[in-house]
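Each chain gets a letter, A, B, C and D, in the order it is written, and its residues are counted from 1.
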């Protein structure tokens, strides 16, 4: 079944108030074009989850689209902090349920396998656990191992309404390959009710059938497929393009004040009608060609 | 670190009484050369686990090497039954803990992730569960979901002493690729204390580094690597060789009586000093060339 | 037009008819494979087909010798694992139809593939569960294909490998299980289940047989409505697909 | 021979020395990467190096901008997932050493990377856990590298992101956690932990500093044995590897 749609149509399928899991990790494979379109369509009150908070969620929080985050910490690596996420937590405008990478990954894993809960050693004796219990006592419980009598922490499955995942290669049914590490992406997709796949390249299903061991996202989980080159810009996509250091630095600079961020949004989000105009604004083919990954190195 | 050893040395690392998980599924990627060497070395009282019982375990049971099986049912597909396993269960000489495919896979998964137990929907209201509870009440428990109050079955992690896995490609450190479906193999290897990798081809670590997304078994879990072409014969290895129907039929024929099976063992196990002599006995290069997989079809 | 066909072919066709386009179907060994691929090649091109060992949407070259045969994984879109198929699709609750073969079944659709005889005395051990118990426990509904003999359609099975409606009524639900059997397709008839008591109910009788023949060859009395139609026979196109494309070696249709 | 070196270089060298050949090491961002690859290139060629996001045994082209940079995944032997690294290796109990950077630590080796200030009043939020809490909870032992300042080595941290010995004594064990911190390496000294009380204990002082300087810049009093040796300085070969091969852009050694 052909599920190819425009980015605008895929984003329009997400109602305000949805729980969306994003595929970004710091400054790589972030759902940047997706986030910009969510902001343009004025989708609000989102719950966003991901193992490691990334540039995609920071942009969404800065633009006021996010009500709640469920994540395991995050940054823009050496470029900077998730300043909007941090500020939202500091001033109380963002509900943030903070875990660790593995505890979020295990919550997705439980969600992906239809488990009612999953035991974990992490979080014990930490203030992460204390704060989570204060925030919402229904999310974490203690449980007794029926075989040994030991006490364990039990986490609830994480069940997003939709997972948005940036991949290198997909077919029109959504069967997709991820090159490089997959962090929490395959568990996110399986835990979610449905997935939106954003692919740098669309290939024929014939290509997928040639190396089916590589299909880490089966099309049966996918509702929409978007073909969108450079959709993660200014973050990187392994084996497709490198991060755009100048543009990430411009973003970090814009994080400084409400005003500078508003100017950033006006220039790169509201001031462009779609992804193609955005790509022209950041330098068009000349700039993007310079970011193209070296075929051997992959970045 | 170079972990390449002979099959005899790898098998000698397994004491009698060990719990060994095998990588076979019915008549494909079975640890046949391994099983023949275990029989020659007179290793006994093994506990064998695998999701779907296969030709490897039936040979071991027939030769008297197995005390206990933990498995989810099995057969030789259209060729026949696991006659020795079945007989052992019928006459009480084999302790068989029978599950379903998913419940064994989940027990390995729990073992692979260091979970104390794993909840599952399968087995409920079946005689599989009733019999397991009668056999050993310490293996299955009921548990209350702390979030909903619902009752679930909880399975204990399965923790083999060693996993033996037949792969197509590995390097000398044990980093390995499996082509085709992987059934329970990656969870088996991770749940086990250590793994023995038996590879049709050994490649340089440089090759592994070229497509690291394919490394489903990391070398850090592997204690021994054995380079042994046609190690799964007469069962198949996808993309390497097809099953040898004549030889499987000869095995099924030999299952008929104690005597015919003893003759089979004398001819193909005790009567050959090693795998190379076995391969000559079943027809040598001429026969094996006829089984070689078509490079496009993979069998 | 009067077509010649075998009872196995009719069973496969009847099975195919129970599947709808767009469904996710977990398929066991044997005739279920033939029925599912027949549906895929005719009215259900967007069906997703799963094999428990880690296979999604293959285009089998033939039915092969079983699930362990690369011929049935041929041209799959995904090759992964038990955990990925039986865990992340089936146990997660995404399988619409589980399609199983059975050795014995009782009036509530409980299936035995483990042992024949007395489990505490003399018995003959068979294939066991494989993924069948998992599929029968977690699929939204289950379809069973099996031979119609009194010793196979029993009042009580020797061993419940894969639960149907357990003891009838709401006993399956109370055991925490989803779905349940929806159809039993034999070489003489098609059965459903009573919505309340969950007893097997005769839905149609194959053209070559009679109501008496159906009932005489069962170990229990199913519910029999006043009017029972004949099962719709295969079309020429369905027979051609089965014979030429799906099971040319007649592995399952012998 | 007198070599010039920075305190960061000394920290990296001291970190490398704590690692043995054959160990499985889970590595966090920053100086731990430099220290671990220095060990791998010198005395620990058979060490297995893990990055949480799904990377085993890379040969980084440079330290890159962080874990999200393909430059640090370069030539890995395995590229997989959080569940595979933090679950099937770390949570399973196969990680010998967790190597972390920290913002703040207290006398029991509890680490804060979440917030500075008063968690119930005015605070500044930082990076949070990532895999640090997981590594600190499940590795057989943990090594921490951090700056030596009174406002960072505190009597009590604002927030325990990653537990060390919690409240000292056996309180970590009672919380169900394995292992615990073994070393804290700062730019002035190296600390261990008292086997019974689990208090931080001074092990060596870096050549460029004094015992007084070390103690004056801490927010708590560590255990100080009578004789405290100087930390062994880097060798020329270690400095060459760090400068030319591991961090040529001086991302972490600035």
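Some notes on this structure:
Throughout what follows, contacts are C-beta pairs under 8 Å (C-beta built on N, C-alpha and C of every residue); 3 or more make two chains touch, one makes a residue touch a chain.
Every value quoted in this text rests on a predicted model; they were computed, and no experiment measured them.
Listed by label, the chains touching chain C and chain D alike are A, B.
Of the two chain pairs considered here, A-C and A-D, the higher C-beta contact count falls to A-D. Farthest chain from chain C, judged by C-alpha centroids: D. A straight line joining the Cα centres of chain A and chain B is 38 Å long. Between chain B and chain C, the centres computed from C-alpha atoms are 28 Å apart. Shared contact sites, meaning residues of chain D that touch two or more other chains, fall at 79-80, 83, 87, 91, 138. With touch defined as above, residues shared between interfaces to two or more other chains in chain B number as follows: 106, 113-115, 121, 150, 152, 180, 213. Because contacts link the chains in a way that matches no line, ring, star or complete pattern, their graph is best described as other. Going by the touch rule set out above, the chain pairs that meet are A-B, A-C, A-D, B-C, B-D. Chain A meets chain B in the complex at residues 106, 113-119, 121, 138, 141-143, 145-148, 150, 152, 154, 156, 178-180, 213-214. On the side of chain A, the complex with chain D involves touching residues 25-28, 51-54, 71-75, 77-79, 81, 85-87, 89-90, 98-103, 105-106, 109, 120-128, 131, 150-152, 180-187, 235-236, 238, 242-243, 297-299. Those residues of chain C whose C-beta lies close enough to touch chain A in the complex are 22, 24, 46, 48, 56, 59, 75-80, 83, 87-89, 91-94, 138.
Looking at the complex, you find that chain C touches chain B at residues 29, 51-55, 61, 64-71, 73-74, 79-83, 86-87, 90-91, 113-114, 119, 123-134, 137-138, 159-163, 166, 171-172, 175-178, 251.
Taken together, the chain B residues at the contact with chain D in this complex read 1, 112-115, 173, 175, 190, 205, 208-209, 212-213, 215, 218-221.
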